[in-house]
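Look at the two complexes coming up: chain A is in both, with chain B in one and chain C in the other.
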Partner chain A sequence: MNYSSDADSGNEEFAFQLFVAGEERHSDEAKQNLIQICESHIKGRYEIQVVDVFKSFDLALENSIFLTPALIRISPRPQITIYGTLSDTEKVLKAVGIEGN
Partner chain B sequence: MGNQINLSNQNSPLKQSRGIEKVATEIDGLDDILKGGLPAGRTTLVSGGPGTGKSLLGLEFIYRGALSGNPGIFITFEETKENVRQNAFTLGWDLDTLERSGNFSLIEGQVPPNILLSGDFDLKGLLAVIEGKAREIGADRIVIDAIDILMRFFNDPKEQQDEMLILHKWLTDQQMSAILTVKSANDKLSSEYSYLDFLADCVMYVDQRIRQQVNTKRLRVIKYRGSSYGANEYPFLVSDRGIHFSPISEVEMTYQTDSQRVSSGDRLLDAILGGGYQTGSCILISGLTGTGKTCMANIFARSACEKGQKVLYINYEESQAGMVAGMESLGIDLLPAINESALEVLSMMPESMGIEAHLFYIINALRRFQPQHLVLDAVSACKRIGGESAAFDFLLRIVDTCKKMNITAVLINQAEGGPAGHDFSGIGVSSIIDTIISLQYRDTGEELNRALVVVKSRQTRHSNKYHQYVLSDQGIQIDPGSVEKH
Partner chain C sequence: MADTKPTYEELEARLVEAEKIIEAIRAEEVDAVIGKDKIYLIRLKEMEKAVHESQEEARERSAEIEAIYNSAPVGLCFLGPDLRYIRVNQRLADINGIPVTDHIGKTVHEIVPQLAARAEEIYQHICQSGKPVFNAEFKWASASEPHLNRHWNEHWSPIKNVNGDLVGINVAVHDITERKEAEDMLQKAQERLEEKVAERTTRLDLLTEQLRELTMQLMVTERNERQRIAGILHDELQQFLVGAKIRLESLYQSLNSEDEQGKLDKSIQLIVESLKMSRSLTEELAPKAMEHESLGKIFEWVCDFMGKMHNLKVELVLDDEIEIRNGDIRLFLGQSVRELLFNVVKHSGVDAARIRLSRDKKGLLQIAVSDQGKGFDPSLIHETQPLGTHFGLFSMQQRLSFLEGSMKVETTQDKGTTCTLTLPLEGIEPPEVAEESTPPGNPSETIRAHKGSRIHVLVVDDHEVIREAFIALLEKEPDIKVLGHAEDGTQAIEMALRLIPDVVLMDINMQETDGIEATRAIHSALPEVQIIGLSIDDSKATVERMYASGACGFVGKDCGSADVLAAIREHGLRHKRRNAPSQSLPLM
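Coming up: the complex of A and B.
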């Protein structure tokens, strides 16, 4: 496998915060897509915290989350935010710094 | 999302008008235009170009509401929280303290321009934040500045509309009195945002124009469902305290007595003038320092007030206290007139504001106070406001307004010397003046006397002689010998 300097080196731990708006269509899609991506590419070394903005508006405010769903890569640093249902896998991988297979 | 936000806050000034409830903005003059205020629990749109004051209008709505105990939220997508706080600070608004009191919440809706996107998204994050905050502080008022920035994230116009509908529905369900600001080049919302028009119960448009060196901001109500409203364009000003709208007055004409003349306050001067001053005309009293111009103007003011009339005295030279004390030493007691609110003194420093602000305050005061007469002390000080040409425009506007309202305008001028002693400080206002009284020194070599002459008085047979007078603790005493009986 080729690894670019930015990308996952095979050992790194990923921590994500996924902001969703309750239980609805976009939320489900985003959750599914994220889990799928993580299982396929960084299995065993990721952690996802799902935040319902309606239950934790403070957290949403702190992170300036006004559009949902929103994914924040907490680690590795720096923090990166992607908005949307994460339907475009390639784009997500690239943004989040996971090398595709 | 079942929130129980109680709208019947006991501090909430709701007004009934034709069946719809309103929420007072408490912005100076705006509630008159809106016949009570904004539609309660509904959405108002404020559109306009950049720098026209829409954000400030929204902020002042929330600020004043918070001060009266009605919690509100201001979300800015336009500026940083710090900028909003700073701008508010220059208006003397302490947002920090208000926030700590729990009646105000300032939210910065920062979403970077080049956000990473993958797949569909929606505005629910925003809804969650404002719902949470509203619940936390019990807010029933909200301003979103500006909604078009938020809309930009949705490229598809249909998506935009859908999201706005969701936002609007949420605001209505929560019974929030909301103001959404939107950028617009003219009073027709661009086709892009025309759907917003349908969502809002009240739509207002603000613009700004520069005319004759004067920058005016104006507001116009384009629509107000279920309510009557002032249909004109209303100029407003951003002062050092907030926004002020010109008061609406249905009656522009002041109530004048039948007689065409008003006494100058001095019998002999009246005779010299051929019967006193003409009501609604413009009189210039010009002279060097110490000739008694202010005294003459105040003799007139006091006399008019004693007859039950009102005088507005604009003083650019000294404070009310200074003026009262000065006149007292000349035997003229202004206190009774002041205490009865017949004489109102507006004491201002010319340099303190721009021309448009001065005009605004004076014209507003004329409309509000509705005096029969105005004294401007002094014309010469007006040059310090913004230069000669601006001073001329300023005077022209004031005199014009007085003529329209049939208010007698007495202008005091500090002459700068010259052969006849009645040069008018280089400001070419003589064309709009009906009567000119020149007060002069006469140096006989042994004595320094004073003499007055009526240089002109339109449509009047007036004396053209020099009349000696004395200034003392008995005011102005004209030598009766020189005055012919008319």
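Coming up: the complex of A and C.
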């Protein structure tokens, strides 16, 4: 199991899965916040897959997602899951291992 | 797959994971919780907000209701089962004189024991019927005013749960003492008013009755006064005038100068005029015809009178024969009809009228006086007439109304007038009027019979003046001898039978036995004796009655003395001729 949280070469690519509950307010906020963070800090080096738990219930269960909104960093490895609306940018950057500019 | 025990690291990782979940939940940034087979949406904020809002609203409403409840001017409470107070407002607490909090949990019996029985009764009724009880009235002294019994109005409304079970009763208590007192006062005022009205009605009835009696008395008094005046005119004045006239006429012959005779003649004419006027007034004041009980006869006289005095041709239609015993009513009706006919003379512009006498279906007497003239101004009904022999339409109407009769005037311009008098015939019986009897006259001195060629005359008159005047007149005549004189009918009969005169000059109107009766008696005993009626009243009826009783002639007292002498000579000589061969003395 590799942990790469401690290193960012500056050109590392990110892949996220964002689990949302339809158009619910917090889910929507989380989506907007994630896009903004990615655009600001890792523009061109990220990929976001938005998963609606109402449509992809099994996928949530497979990933042990019990709450929405929930964000999984798929890559770089290891997987990291954070919950909430992703409104605290500093906290999110730190949690997903993106170096501040 | 067999469960493997998690490692410490794995447990730590799960713990971290759990902390992150808790943190997200605490931050209220969660939308949904994913369960085993279901997703639970969590809208915490909205839910909280909604809860908060509804709580707020509930609080506001509750406060509003509380405010209304507590400031309501009526006493309010919510009673649970067994009539225990669950909620009470301030007003009811004040009424009961017990703080709000002390009510809660206690029963009606404990708080207001005097009302418990009635409250229980109403409660049972509601339990059975399930329906509210409105306007239950109680009377009791509240704790705040223990000495004052007040009236209370109560509404009891059952409160039910969703299953329809009774959970309690809302009671509203309202003080209606003032309303009740006002109602009582109104009731008493109405009763007083009714009493007053009844009292006034009784008084009015009494006054009406008194007025009616006064009217009757007035009519009696008026009649008596008319008769008194007529009596004076007839019995005194006219006799004096006749006496004066006879004496003047007897003087006439002894005057030599034509000039003196002319002057005397004028004086005699003046006396004749005075006699006529006096006679007319006598007739008007106390018409003899009014003594008839038959209204038809009275109206016949009225027709005759109006024809003679006012040239009014009156047609009399008698549908029914009506007799009235009450002389005052008769006089009143006769005068009323005469009054109506006077109005025809005065206002109609025609010289004919009609009287119709009938009895209607209800038995009411109806007298209609009609004409075809130019109509009559009804306002004249209220015109009061000057005092005199006419008493006016208004007065007539008033008197009729007091006799429970009425007068109706129907008049159309140029199409005539009909006045209808209506009077109930019942209840107009005559009041007791004492008839005054006059003492019989003194017997006159007996005069011996003197038979010879002269005409023997017996003078009968109850007026001394007249007797003496006639005696003075006759004794101047050489061919006439006055055998005697009598002052009433009885004496006249007695003297006639004793003296056998050729002629009796018989006054008709005398007290006791009158001239008619005396004539009948003398004529039947001594048919050859010539009886000449003498009267101031020379009405056709009187003259006819006199002839019917056996008189051979009639002379008005106001006729000239020459007429009297001529009549005596004519009839006296006739008697003498008849009795020439043998003169019989009457059996004494």
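Keep in mind that, in the parts below, the second predicted complex is superposed on the first by the 95 of 101 C-alpha atoms of A that agree within 3 Å, B and C clash if a C-alpha of one lies under 4 Å from a C-alpha of the other, contacts with A are read in each partner's own complex, and residues count from 1 in each chain.
The rule we apply is simple: a residue touches a chain if its C-beta (ideal position, glycine included) is under 8 Å from a C-beta of that chain, and two chains touch if they have at least 3 such contacts.
Since we're looking at a predicted model, the values are computed, not measured.
In the superposition on chain A, A:57 makes contact with both chain B and chain C.
In the superposed model, A:92 makes contact with chain B only, not with chain C. With both structures placed on the common chain, the touch criterion links A:43 to neither chain B nor chain C.
When the shared chain is aligned, chain B comes close enough to touch A:33, but chain C does not.
The larger set of touched chain A residues comes from B, when the choice is between chain B and chain C. When the two structures are aligned on the shared chain, A:82 is found in touch with chain B and with chain C. Shared contact residues of chain A, touching chain B in one structure and chain C in the other: 21, 26, 29-30, 53-54, 57, 60-61, 65-69, 81-85, 87. Per the touch definition, chain C reaches chain A in the complex via residues 17, 20-21, 23-25, 27, 29-34, 39, 41, 43.
Considering their complex, residues 19, 21-22, 26, 29-30, 33, 53-54, 57-58, 60-61, 64-70, 80-88, 91-92, 95 of chain A touch chain B. Against chain A, the residues of chain B that register as touching in their complex are 1, 107-111, 115-129, 131-133, 150, 153. The residues of chain A lying in touch with chain C in their complex are 20-21, 24-27, 29-30, 53-54, 57, 60-61, 65-69, 81-85, 87.
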